[in-house]
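Next up, some structures in structure tokens.
The following pair of complexes shares a single chain, subunit A, combined with subunit B in the former and subunit C in the latter.
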Partner chain A sequence: MAGPAYIADPESAVRAVAVDGLTLLFHAPSGMTHIVAAPAPEILGALREGAADAAELIRRLRARFDLDDSDPGSASGAGAEAAILARLDELEAAGLVRRA
Partner chain B sequence: MNGCDQEQAGAGDGKAGGGGFVPSRRAVLVLGAAAASTVVTVRPALAQTAGSVLNCEIPIPQPSAGGNYISPQGELVPAGTPGAAPPLGRPLRGEEVKNLLRSGTTPAGVDPTSAQAYANYIRRLQAGMSGFTCYASLQMPR
Partner chain C sequence: MRHRLALQIGPVAFRIGSAWRAPLDALAKLYAGYPAPADGLCDFTVRLEPERPWRLFLRPSVAIRGDYVLPDAAPLALAHGLLAAEMGMNLQMALGQKRHLLLHAATVEKDGRALIMTGESGAGKSTLAALLGERGWRLMGDEFALLDMASGDLLPFPRAISLKNGAIGVMEAEVGGDRFGPRLDGTPKGAIRHMRPNQEALARMSEAAKPALILFPRFGAAAAVRGVGQAEVFIRLTQASTNYVALGRRGFDALTGLVRGTPALAIDYPDAETAIGLVEDFRRELAA
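== the complex of A and B ==
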């Protein structure tokens, strides 16, 4: 796997509040607030361990969670990677992750 | 938002452990379909036109910090601290800050050896501090 690696700002730069199944994130460097749903917070948490590409992220998430194989996006292989990359695109557009 | 009805990792815990993200209690995580969206951004009314952004100003340090010096890491330190940069005699304009942060260009009249300290001070600005709105505006995608 040689896809792009991503990295997230340190925890100190982002204030997180869990609200009714969603998570509100205040990103201090940009002053912007984001409302995120799973798996976005989990991806950000996994990136705190260091930069990772999609395959590495999936490995980290599998270590912490049971990925739901009933969802085509969560099955192992290309579907999971496509889903993770889609999530990373969103997080990058929001300024919450960047290319390492 | 497609993820609202998915089982959330620890969403019911009530506490975001240590102020971090959603707690990591082992749970089922649905990655979602590639087309689903999981992020909604709330943009504050900070980003004005490009002109106003580039014309905003950031005092270094903020007036309430008086004559404090700026450490190389951007922290306020007592005046005269060795290795720290003195207060800047004039506020930096948005365009200067943008160039300083993005390409390391030292603003006119600024000591190049102090510029990095000033850049780090700006990066550490928080809501409520003079210049934060200007800095936040410069971070906006457009």
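== the complex of A and C ==
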């Protein structure tokens, strides 16, 4: 794999409740509550299949979701990927995702 | 402790001990008609002690202590001993309550439907709850809403209502004098006068109610009503809870259950009568 691999805690350790298009998460290992928006819950779901680097994570998400690559700010047409990588960094900072 | 008093308030039993007689006499008068704990066991202990032993007689000053202590719980003049006892009871609840999710909110009930009012200090929730409690609603509590984590029900905690500044005159015009404690001027929060809830609130202090509406009142602006989304309600209620973090997953489940099952509105109101009119409108809509 290129780049670091990431992993997320199993579903049994993270209670998720959807409200108004947002997701409330209770992360049992830390006792912390988080409020996240898409694609954060989807990233966590994809990482629960096993450790993955950024490229593998995006491949898994592409297999499940129709990613919108039409971000006009991105010359390469990779707007969704950039957003996923940014969210991945935030989830790691929040302790919901960690290096495998 | 030289002087002691035990009080049952809703599901919580308090023991208050004091080095002086006067604060407990005032407390016993204010809480006339409240039952003593049935089994003699108490959940929380509040102790009013001299700041230093020699201050018991010389310029006496009350320090609040108990099972849970905040290092900056400031000593009060003995004249404010009643306030110290009340603050001590608040403090023990806020820091020590593990059985219920505690929300800093006022609750009233009518026809089995409970209204939760929460907001920053000065939003008027205490005054509104006190007024509604005299106008056909049952006062469940003006300071803490206790959410039973197993059933999702709200439990009454009808402690004496702490009226501040302008609210004192409003309630003095509404209620007979024998239900008031002494007026305490010059406290850290200005003038304070405690008021005992009415007989119905006391008689039904063990009767739970289903939450039906969460209200975020804000005093001072023209009347306005807006819906509040569940995510915002959740955030506001975590901020209004004194023990959400300590309860862990049980608190999360209880709070998300409350938020998903209960509609929420924010209201602005220019005066108490307008707010009461809005509350009655909401009640009729919920009943329809």
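Rule of thumb we're sticking to: the second predicted complex is superposed on the first by the 88 of 100 C-alpha atoms of A that agree within 3 Å, B and C clash if a C-alpha of one lies under 4 Å from a C-alpha of the other, contacts with A are read in each partner's own complex, and residues count from 1 in each chain.
FYI, a contact is a pair of C-beta atoms (placed from the backbone, for glycine too) under 8 Å apart; a residue touches a chain by one contact, two chains touch by 3 or more.
Since the model is a prediction, treat every value here as computed from it, not as a measurement.
In the superposed model, A:L22 lies in contact with both subunit B and subunit C.
Once the two complexes are laid over each other on the shared chain, residue contacts for A:P10 go to neither subunit B nor subunit C. Of the two partner chains placed by the overlay, only subunit B lies in contact with A:H34; subunit C stays clear of it.
Of the two partner chains placed by the overlay, only subunit B lies in contact with A:A94; subunit C stays clear of it. Counting residues of subunit A touched by each partner, subunit B versus subunit C, the larger count belongs to B. Within subunit A, the residues touched by subunit B in the first complex and by subunit C in the second are 15, 17, 20, 22, 28, 31, 33, 35. By the touch criterion given at the top, residues 229-231, 234-235, 238, 244-245, 248-249, 252-253, 256, 259-260 of subunit C touch subunit A in their complex.
Only residues 1-4, 6-11, 13-16, 19-22, 24, 26-44, 46, 123, 126-127, 132-133, 136, 139-141 of subunit B touch subunit A when the two sit together in their complex. Per the touch definition, subunit A reaches subunit C in the complex via residues 15, 17, 19-20, 22, 24, 26, 28, 31, 33, 35.
Interface of subunit A with subunit B (complex): residues 11, 15-18, 20-23, 28-42, 44-45, 61, 64-68, 71-74, 80, 82-87, 90-91, 93-96.
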